Amino acid sequence: MLEKALKGSRGYGIWVAFLLLLVAVGFFFYLRQLDYGLGITGLSRDVSWGLYIAQFTFLVGIAASAVMLVLPYYLHDFKAFGRITILGEFLAVSAVIMCVTFVFVDLGRPDRAVNLLLYPSPRSVLFWDVIVLNGYLLLNIVTGWTVLESDKKGIPPPAWVKPLIYLSIPWAVSIHTVTAFIYSGLPGRGFWLTAIMAPRFLASAFASGPALLILFCLILKRFCRFDAGEKAIQTLAKIVTYALATSIFFVMVEIFTVFYSQVPGHMHHLTYLFAGLEGHNTIARWMTVSAFTALISLVLLIIPRTRKNESLLALACFGVFLSLWIEKGLGLVVTGFVPSPLEAIPDYSPTGAEVAITVGVWALGLLLVTMFYKIFVSVRNE
Amino acid sequence: MEIMNLLTSLIAIMILTLSALGFAFTPLSFLLTTVLPYVAFATFLAGFTYRILSWARVPVPFRITTTCGQQASLPWIKNSPLESPSNVWGVIGRMALEVFLFRSLFRNTDVVIVGQRPVYGSAKWLWFFGLLFHWSLLTIVLRHLRFFIEPIAPWINGLSAIDGFFEIGVPTLYLSDVAVLTGLTFLFLRRVVAPQIRYISLFADYFALLLLLGIVTTGLLMRHFFPADLLHVKNLALGWVTFAPALPKEAGPVFYIHLCFVFTLMAWFPFSKLMHMGGIFLSPTRNLANDNRMKRHLNPWNAPVKVHTYEEYEDEFREKMKLAGLPLEKE
Amino acid sequence: MAPTRREFLQMAGFSAIGLALPVLPSLAWARTGAPAAGVSAYPAAPGPLPARKAKRWAMTVKPGKCRAGCTDCITACHLEHNVPAIGNPKDDVHWIGLQKVGHVFPAEAHPRLPDTIRGLSVPVLCNHCENPPCVRVCPTQATFRRPDGIVVMDYHRCIGCRFCMAACPYGSRSMNWRDPRPFIRKINQDFPTRTRGVVEKCNFCEERLARGILPACVVACKEKAMAFGDLEDPCSEVRLTLDRGLSLRRRPELGTGPQIYYIL
Amino acid sequence: MRLYNRGMIIAGIVVFLIVTTFPFWYGRGKAVPPPDLKLDTPAILGLKEKRCVEPASYMRSSHMKLLVTWRDDVVREGKRTYTATDGRLHEISLTGSCLACHSNKKQFCDRCHDYSGAKPACWSCHIIPEEVR
Amino acid sequence: MASAKTPKPDELIAIRYAPPETPWMETPTVFRPGTWSYSGTAKSLTTLGLPNPRAWQPSDEDWKLPENWQEIILEGFRERLEKHRSFRLFMDICVRCGACADKCHFYIGTGDPKNMPVLRAELLRSVYRRYFTESGKRFGKLAGARDLTIDVLKEWFYYFYQCTECRRCSVFCPYGIDQAEITMMGRELLNLVGCNINWVTEPAANCFRTGNHLGIQPGGVKDMLEFMAEDIEDRTGVKVDVPLNKKGADILFVTPSGDYFADPGTYTCMGYMMLFHEIGLNYTFSTYASEGGNFGLFTSHEMIKRLNAKIYAEAKRLGVKWILGGECGHMWRVLHQYMETMNGPADFLEEPVSPITGTRFENARSTKMVHIAEFTADLIRNGKLKLDPSRNDAYRVTFHDSCNPARAMGLFEEPRYIIQHACNHFHEMAEDTIREKTLCCGGGAGLGNDENMEMRMRGGMPRAMAVKQVKEKHGVNRLACICAIDRATLTSLMDYWVPGVTVTGVHELLANALIMKGEKERTTDLRGEPLEGKAADETL
């Protein structure tokens, strides 16, 4: 089946070449980072995690969202998702690979990455994250690929796949929970030190992932002669709606707790996030965009007429994706570091090289998604 | 029993090991370091060349290219220049894909009968592990050049640095070492486990794999468990290439086994299936362009044959042809 | 009060024992072969002493004793440990720093604090916590807590993931964002530098303790604002200091159990 | 001997021979003696008994393993003394012990490392005294 | 000799892939009825001047071989090693990776390990090692070598006449080792001692004498073509010419004789005639070169040349400009890969140019022979044909790539282009069974005889099952192909495995759709079956 990803129309070729170019540019800057060190990024002593880790966190959510297809289809026999479950799994695979790549490029000593396995440290959440992420990658690639291959052969999938698929359901929850624990288990960072972190992560994941999937389905329908089906897309849209609503609700809960209790250590972070501190308000501006986009998207999704309109649905899904990307892919990580333990208000903005590497990794992921989906569509259209 | 072939090759490897040890612990060790290297290498070079020449002496009478894609025909039909090349550039491309990426093996499928019909599945593990093995073996051979030239060319150090990018242990574990071991193990297990492959396997098939596994294992042992004194090793290797072989000092038994295996492989190479390394380039189904109707190809021994001429034909059927009203050459 | 007498006696005693001990042959010729031993910025003792051992190392700091504008402790530490002076806040690496009281003790700081206290510069360094979050989160055990309480870094193992930096509630850790060597003004050859890509921090001068010498900052402080010793030893200076009155630790509510005690 | 596709075949064989004999012609057959490892530093000359920590042959093949053990002993165990197989005690220190004697890193360590293509990462952190001086 | 009864499909499909307990060198060959072909008759061998003509059958204990048969074979072996680089190379470089093993339709259909191409080649390789390599001479069995005994010869016969030279294995082999080449050598060696099969020698002998496989004499050819012309007039109301042995024609048309004489090939032939008439092509059939197919390909290289020589000779005699070839598989292997080398140069012909469109067939500029699919695709592309594909609406068509046009020519798109313009319902079979990976009909290379029926059904099973899959999925009821052997053998294959699917040539479909000048309203297709939806409803 692999060869199907290597052949395609002119448009496919150009798109793949474009992505490869971005990957190459990213790789070039990564080589420079290897040479110079992580100082090539905008990271500093105070804001020691930035764009890379934020992308990682956001993408874990995208990866986890496959469960929103797998669960209804396999546990509740929701037939409409039968056509696209594999799309979710392949999206998860690509997202996990991006996650792992982002963690890798964030390492100061990538040449020692193997130390993670050579000196396993069960007390470290990061160790567990490596385990669950790779496990999830394996589960999804094996189940997705096997089911698709059986499809191609026109035979039912082998019996051993089912248990793995069932296993992938709690596993999906675990990856985002463990990722949330990376943050929420740190004593000194008031912004992250909240039990609702994992639920918040899951809620936003189940909004952003399916939203992206809807966008992909609409693209496939428009350009690749593959229709996921009205019912599947609408159901997904409803999932996005409720997950987004929940996600917004959780943020409100957080805001209430922090501001009503007035504990400064917690309040400062949220103030910085939404309003800025002492004039440092770049993030706050982004967050304003995020908040408004989320609200507009929510409205578009709740009203059945707009939800059923494909263009508006696409707009809403894009909005959800953008909003949550800003929230997790920009706001979440940096805000945890501001103000710093010594009450400094450092500024962080990614450098050109950092952005190029980030774009490169995204392009790599998109390339994988493209190739996986190409294989999928080729098999399904056969 | 077909398992005999496996056992025999295991025994052969044991004998080789023992004789290597025999060399190591007797005064004969100088043979292994002064005479045998030249014998083995000369055999390799001469044998390889001889085998190529022996193939080249035989003509290719017909253009029997296997076309795996659309021919070049009408201009508006998209052809596959690499699968069905119509010119020399296409052939070079096709050969490059074959040699560097194992194109044909990439097509591999498997078949099982499910519900009373054969079902074809993608079967790329052989391709993957085969490619892994060959590329890592090449890397390892190139890396070993560090023992044979002084000063070491920067590209060799660069290659080693990339290969040893990940800092695993001291001295660092080379990725190519892991890869070659993985590839060989897969190829070996496949031969032993899959009944069909076991059925077709000969002594030589197991022997080649076991010999390579032996070389890799002894190499890894020397790097990571029983370190050899590299100063001596390099001195020895440099001695070979400058035709001043040094007598070895303090090289452990593992080193002798390693050497013995390598020399065996070199000397055996030209007389074995390993000649596929050179043979692939001469394979007429792959190295010919599909330009059969565009250019006339000559067969040097174009066999003289007796044909049935039209005259003979008309002579035999003249009456019948006349009766049918068909035109005739001779009334 | 100056600890001089006790400290002096202690040192003298150790020196005597050191001389009395059978001198390790290798050490002997190692020393003779390394005349550069004296390069160490603050040689506290002329020769090797038996290692200082403790059940629980701790430090007390009296910022009130600090001279205004004095950075001796920082200079000493950074010279001793080859800490680069990169000169920009983004790439900054430091083991000790000076901070305003309000930032170090936000919970204790209030507008009515006397200016004498509010204006103090407080030396901050790794707290060598009893229950260090950085050790908990490290995925490779590159940072770990020794039985004597020192939280050390194994720079050979650190992968530079910076989880520890996020976990440290004191901002005590620094990342080598770039190759530090060009920024080390004077290299102390008795202590390694770091490579780019690893995290580093104060090690309570464990390498000096092993040679029987007190931490560089403690030794360098002319005002004796810092004291160092075994918390489990009732006669140690840190214990004696703590016994005397109220001491503060940074963010004790986090349960990390810092072992730097501030007397304000 | 009649060869078919003569040009290609001969070219192929020539390329094969050139590539496989690379080490022979690359060095132009010039004999390169193994590096002379200088053991004439003042510290070594001053020794009564010229013995390294462990026997020379072991040190030549396995010093990196010893150094790794030393490294872990010091950093992780806080153990700073090494008991050699002959019972002598040594301070565990790359710069303090090894380089104290072998103060000529360029003539000693580097020569052999360059010769065998070993590129240890030690020196990116550990200080070479002669370079500081 | 009574023909063996072929087992039922569900018995045949129960295939065991586990190899036997005994090593292959020690597993005897059993000539089970239904799995082998009758021997070549003395008469045919004599006509062709082949050695050792005699009455015998493979199932006999005594094969009546000449005294010195081993010597003959080994001498022949040596000679071939010196004449064919492919042979020598393929003997030497196989690594027994097994990639080819499950690519062979005979292996898939029988589970007999000696039908794995690798092992079928080892049958020869073991003897090669024993007599032509040092290691084999010295180490014998350890080196995979064995003596040439009568059992080995019989094994060769059984398995080399159980290979259709389809070249599917060579597509997957990392070194391009082509079992067809090895089988051809094996068969040449067998021929040296008079061991051939009748279904090869008799057509070859016929072809040599009468010009075609079936031995039809000149009058017969004319009658058949005229009969077809009448049928055409009956179906379309258009009277087409039957140019035969016509001097001064622009184009000599050569097609396999199966197209004149056997259904469903005749409908394809009618298709050619209608097409040529419609475009007003100045062409001629020939009785002397009345055969495109070449059973010499299944005998020896010399025999290919002898039978093939007639085409250029006839083109020269008739003074045509170039040659057009009909739908045939192995015929095109010969025309494309051997003809000009053997019987060229074709310097008395002109570079082929379509007289209708003016297109120059660059890819045939030297051999000067154009494939009808190339020719017709060009006509359609240039809008020279008026087609009504709805006339083929009763058919749901799939296309079988015949082995030789696929893997020896690379002719994939042209026939598909024609089909897609001639009918509305076209469905490809599974991708691992088409194009260069196409599966053989099971009856190529001279194995399409009835006594071999079980083996044909086994060998054709993978192809049939791929058809069955599209039949079940898309209701396919027509299997199009561009090979006369296919049209003959696929018919029985379909009847056996996939009843309800009929076989058709591509030009039959084209002629059904072709709107001819002056034609009457068609009510039936070429086969006389009612047109349009009436039939379509039934099949669905």
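Which chain is which? They are A, B, C, D and E, in the order written, and residues in each are numbered from 1.
Please note the rule applied: a contact is a pair of C-beta atoms (placed from the backbone, for glycine too) under 8 Å apart; a residue touches a chain by one contact, two chains touch by 3 or more.
This one's a predicted model, so the numbers in the text were calculated from it and none came from an experiment.
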Other chains in touch with both subunit B and subunit D: none
Common touching chains of subunit D and subunit A: B, C
Interface with the most contact pairs, given as the two chains involved: B-E
Closest chain to global C-alpha mean, per-chain Cα centroids: B
Per Cα centroids, the chain farthest from subunit E: C
Between subunit A and subunit B, centroid-to-centroid distance (C-alpha), Å: 45
Centre-of-Cα separation between subunit C and subunit A, whole angstrom: 41
Subunit C and subunit E: spacing of chain centres that average the CA atoms, whole Å: 88
For subunit A paired with subunit E, centre-to-centre distance based on mean C-alpha positions, whole Å: 56
Multi-partner residues of subunit E (each touching 2 or more other chains): 85, 430, 469
Contacts with two or more other chains, residues of subunit A listed in rising order: 109, 112-113, 115, 118, 154
Numbers and ranges of subunit B residues touching at least 2 other chains: 56-60, 107, 120, 167
Sites on subunit B touched by subunit A in the complex: 106-107, 114-115, 119-122, 124, 165-168
Contacting residues of subunit A [partner subunit C, same complex]: 36-39, 41-46, 48-49, 103, 106-110, 112-113, 115-116, 118-119, 121, 123-127, 130, 182-183, 185-189, 264-265, 336-337, 340-344, 346
Subunit C partner contacts - residues on subunit D that touch it in the complex: 41-44, 46-47, 53, 71, 75-76, 78, 80-81, 88-91, 93, 95-97, 99-101, 103, 121, 124-127, 129, 132-133
Touching residues (chain side subunit E, partner subunit B) in the complex: 10, 13, 15, 17-19, 23-24, 49, 81-89, 92-99, 101-103, 108, 113, 116, 118-119, 122, 133-135, 142-144, 167, 170-178, 181, 208-211, 217-219, 222-223, 244-247, 287-288, 301-302, 305-306, 309-310, 313-314, 317, 335-338, 340-342, 344-345, 359, 361-367, 369, 374, 377-378, 381, 406-414, 417, 430, 432-433, 436-437, 461-462, 465, 468-469
Residues on subunit C engaged by subunit D in the complex (per definition of touch): 24-27, 29-34, 36, 39, 48, 51, 82, 144, 146, 152, 154-156, 187-195, 206, 210
